[in-house]
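So that you can tell them apart, the chains are marked A, B and C in the order they are listed, and the count of residues begins at 1 in each.
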Amino acid sequence: MRYLPLTQEDRAQMRAAIGVSDVDALYADVPADLRLDGPLDLPRGKSEIEVERLLGAMAQRNLSASRAPFFVGAGAYKHHIPASVDHLIQRSEFLTSYTPYQPEISQGTLQYLFEFQTQVAMLTGMEIANASMYDGSTACAEAALMAHRITKRRKAVLSGGLHPHYAEVLRTISHFASDEVVSLAPDVLAHEDLAATIDESVSCLVVQTPDVFGNLRDLTPLAEACHRHGALLIAVFTEAVSLGLVTPPGEMGADIVVGEGQSLGNPLSFGGPYLGLFATRLSYLRQTPGRLCGETVDADGRRGYVATLSAREQHIRRDKATSNICTNSNLCALAFSIHLSLLGEAGLRRLARVNHANAVDLAERLARIPGVETLNESFFNEFTLRLPCDAARLVENMAEAGVLAGVPVSRLLPDAGLDDLLLVASTEVNTPQDREAFVAALRGAL
Amino acid sequence: MSGERYTKDHDFVRVEGDAAVIGITDFAQSQLGDIVFVELPTPGQRVSRGGQLATIESVKAASEVYAPLSGEVVEVNAALEATPARVNEDPLGEGWLVRLRVDVPAELEELMDEDAYRAFLESGG
Amino acid sequence: MLDHPEDFGPETFSGNRGLDQEEPPIFEIGRPETTGVDMDEPPPVASRLGGLERKRPIGLPGLSEPEAMRHYVRLSRKNYSIDAGLYPLGSCTMKHNPRLNEKIARVEGFADVHPLQPQSTAPGALALMEELARWLLELTGMSTIALSPKAGAHGELCGLMAIKAALEARGEAATRKTILIPQSAHGTNPASAALLGFQARVIEAGADGVVSEEAAAAALGPDVAAIMLTNPNTCGLFERNVVGIARRVREAGGYFYCDGANFNAIAGVARPAEMGVDAMHLNLHKTFSTPHGGGGPGSGPVVLSERLAPFAPVPFLARDGETLRLVEQRQGTQSLGRLTAFHGQFGTFVRALAYILSHGSDGLAQASRDAVLSANYLRVALRDVMTQPFGDRACMHEVLFDDAFLEGTGVTTLDFAKAMIDEGYHPMTIYFPLVVHGAMLIEPTESESKRSLDLFVATMRALVASAKRGETRRFTGAPRYAPRRRLDEAAAARKPVLRWSAA
């Protein structure tokens, strides 16, 4: 077997050295009932060609985003990833290295995490960022738990513009942690009065911008309302590219900013692995979950980096840890960081402008279709379309016509009476021809 | 009463006036390694004997300090926020943690005196 | 001639040392106006940003492609990796990461598919998830699997939530709030328990390194929700009393969570279902070779017993006759809810399944046996010079030593580990598990050739002999040859600098 270096002769020599005639003697502590009599009722090992053929056939059955005009968003976005990114993350020393617990031989990882933390802090307008979490939704849940620790209150209020998956994740953990959650009704037009929900029992307000319906929200008055009552404002984003064009939550008074970083450096990959971004105030440092990378010097006085403040983490603090998280989304963070280093400030801003321009162009074309209405006053690269029919059925029909048209709101909120709404995203990967194809397919399907 | 008293968790208690100064012993700080952060209670807070009083973080560990006696926190060593290393350098002096107004001063007698603590250390306690 | 180990020769002007090159952070190289991504400026449009445009610069540096390539290549060369050398890290299972897995994960039909495009346009993705589930269920003997947890610790959360959901359904969640956890357990175990409002109660292993049925029975009571056992455990031993313990726990009304981090010892050889497990997470980035990536991403699917199956999180796979679909809403089910946005670490599923199909049922069992064989080979090769806390006996896929053999040498476990770095090895797991003094946990995995194992043994034996000869400086001054020498972790924690800033 190509991945197993030991030969039969090696095994024999090793058995002899150990003093057993059969390796199964080493399993003596395993009760007989647990041990299998023979191989499992499953296929034997396959060659590379066979594995490629088998799995390739599965892949062929899927309609990929590059083979159809593509307008699907709702928390994960198709962007162009420069060729260098994927090449670099596949270097042995990045792909196959372990967690940097021995910093002297992990300076590569530690330095790029330090750079990543800085980039995330800059983007979000916050003072510090951690070395990533699993994804935006779990980062959001961790932020609420952190707010509970800081305020010593246990009630989170969730905006009706928060991605329903994020809200569900938060509700799930809160239920089992015996915390309270108030979820406002779906807020398609960003009209809800969030400030009215805050009082001294509330630990945090969780608001997404751009929200799941695409609306951009001004967080400044919400931050003020929170702070007046001793609560924290948690700002959420699912489209990291928006931060190239839009005022970051840190400049609007957010206390914790969490989001999804998949848009930069990371493919869609049917939902994972993705990248949780987490940034906050320096004063909340000790309550921050996740790995943190810090600068220091070595015995020769040279600048170097280490994982720091580990006493917050599970491997030291155990049941008093700020979180149970061990693995982060490290390689995805590297991909994000490389992509962002290649873009730089100028490139990111331009990328964001292209996204916005494409979405505006699409919205204008759609405005000419009778019966179809864009509901948003403001948006970045995604907006909500009201249709004169069931959006889910329309999306299926358009898929058959070869256009991946977006996400019906009913997919995320099945019983909210919003079945005629469609979330449509338009990034830099669309061409004018793609947008025209969308319009044509939509007209045809209506 | 004079001099320090010690607990099996390697804390010391020293009466100064009408309050007791509490901290960790030299043995404890050497076990913890370089101390990087000390989490202290708030003045006015009440603690019960055996309850959590403070947390000491080193690079590799976090250690709870439990109250050897019940009482009310009168003062905490605020200097430790900027210079936690004092707990390593002078654990019984500048590295003190908490000043406590003790409910039942007689409970102090139940703690080990210096000789008993030394014997405790030598026996591998 | 250099005959003094401290003599590195003249300092270089550049600060580089041959191929060991210094590299500053991007903020000292890049410039805000530079970009390595060409893009045409879009036509001007009427802004729909509602007045929320960014007003201030971000401050991000940009690099041209050559600068970026050089930066990251130089950084990469400061990292150790499994491709470059053995990682004897106990409980981490640093096995070879096959590149076939990377190739297949990048195929357009897997990488370029959105989780929320119509399910009818991604039947192959669902089929892959079902196939992975089939293998993992067969390997563990369990009836149901939750694929969505994003890492082992997340899987623990999932399993404990399922247990709590089951207790709620029985009306016992308020009374059963204790979880029994051995002191040797990984820190994520008590952390996960505490997050969900449980109290961790420590149970002790015996002098033989495993938990006895009596110890478990003594700790059980009507307040116990569950026991969390790692099996094989973190001392490298199979919990041989597990069947009796599981029965006692069940009889006392509790559930059995198994931490499957060490599944590499028994995959294809023994099945956890027969242990009486109610929930067990698997680490795809350990047992199933998906790459560690410097710390993640991982993936921690959880297998569930029949009595916990109803509470599995959404989304889960279901069949409607011929059609496979993901059930994404918990309404109408007893599901505990949702653990993450979207469907889980699909990219990791692809890699794990490629690994599994490559090995097959025969290869997987062989891999486990080779892992156990190699660990025992190291055990017998080192047992006369290193000390084992529970006496010398057959171990599973990892072997545990303590620091008794270093007594009197002035060399600590940490110093020993740092000296291994100079010898070209990543150190083994140190100071874990906590139950053993100065622990050294060594797991070679099945990916090491005999030649590699023999070289490792020779080096370890030479280091022990050196320590015993009193050559303390070799250890306390290590590492000398790594890109950095020992770093001041105390300063990093006392005065944290977590982002770059202009000096």
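One rule holds in what follows: a contact is a pair of C-beta atoms (placed from the backbone, for glycine too) under 8 Å apart; a residue touches a chain by one contact, two chains touch by 3 or more.
The shown structure was predicted, so the numbers you read here are calculated from the model rather than taken from an experiment.
Sorting all chain pairs by how many C-beta pairs they have in contact places A-C at the top.
Each chain gets a centre from its C-alpha atoms; the one nearest the centre of all protein C-alpha atoms is C.
Chain B and chain C have CA centres that are 37 Å apart. Separating the CA-averaged centres of chain A and chain C is a span of 20 Å. Averaging Cα coordinates per chain places chain A and chain B 44 Å apart. The set of chain C residues touching two or more other chains comprises 489, 493. Residue positions of chain A touching 2 or more other chains: 309-311, 316-317, 320.
Those residues of chain B in touch with two or more other chains are numbered 36-37, 57-60.
Per the touch definition, chain C reaches chain B in the complex via residues 431, 489-490, 493-494.
By the touch criterion stated above, chain B contacts chain C in their complex at residues 33-34, 36-37, 57-60, 84-85.
Those residues of chain A lying in contact with chain B across their complex are 286, 309-311, 316-317, 320.
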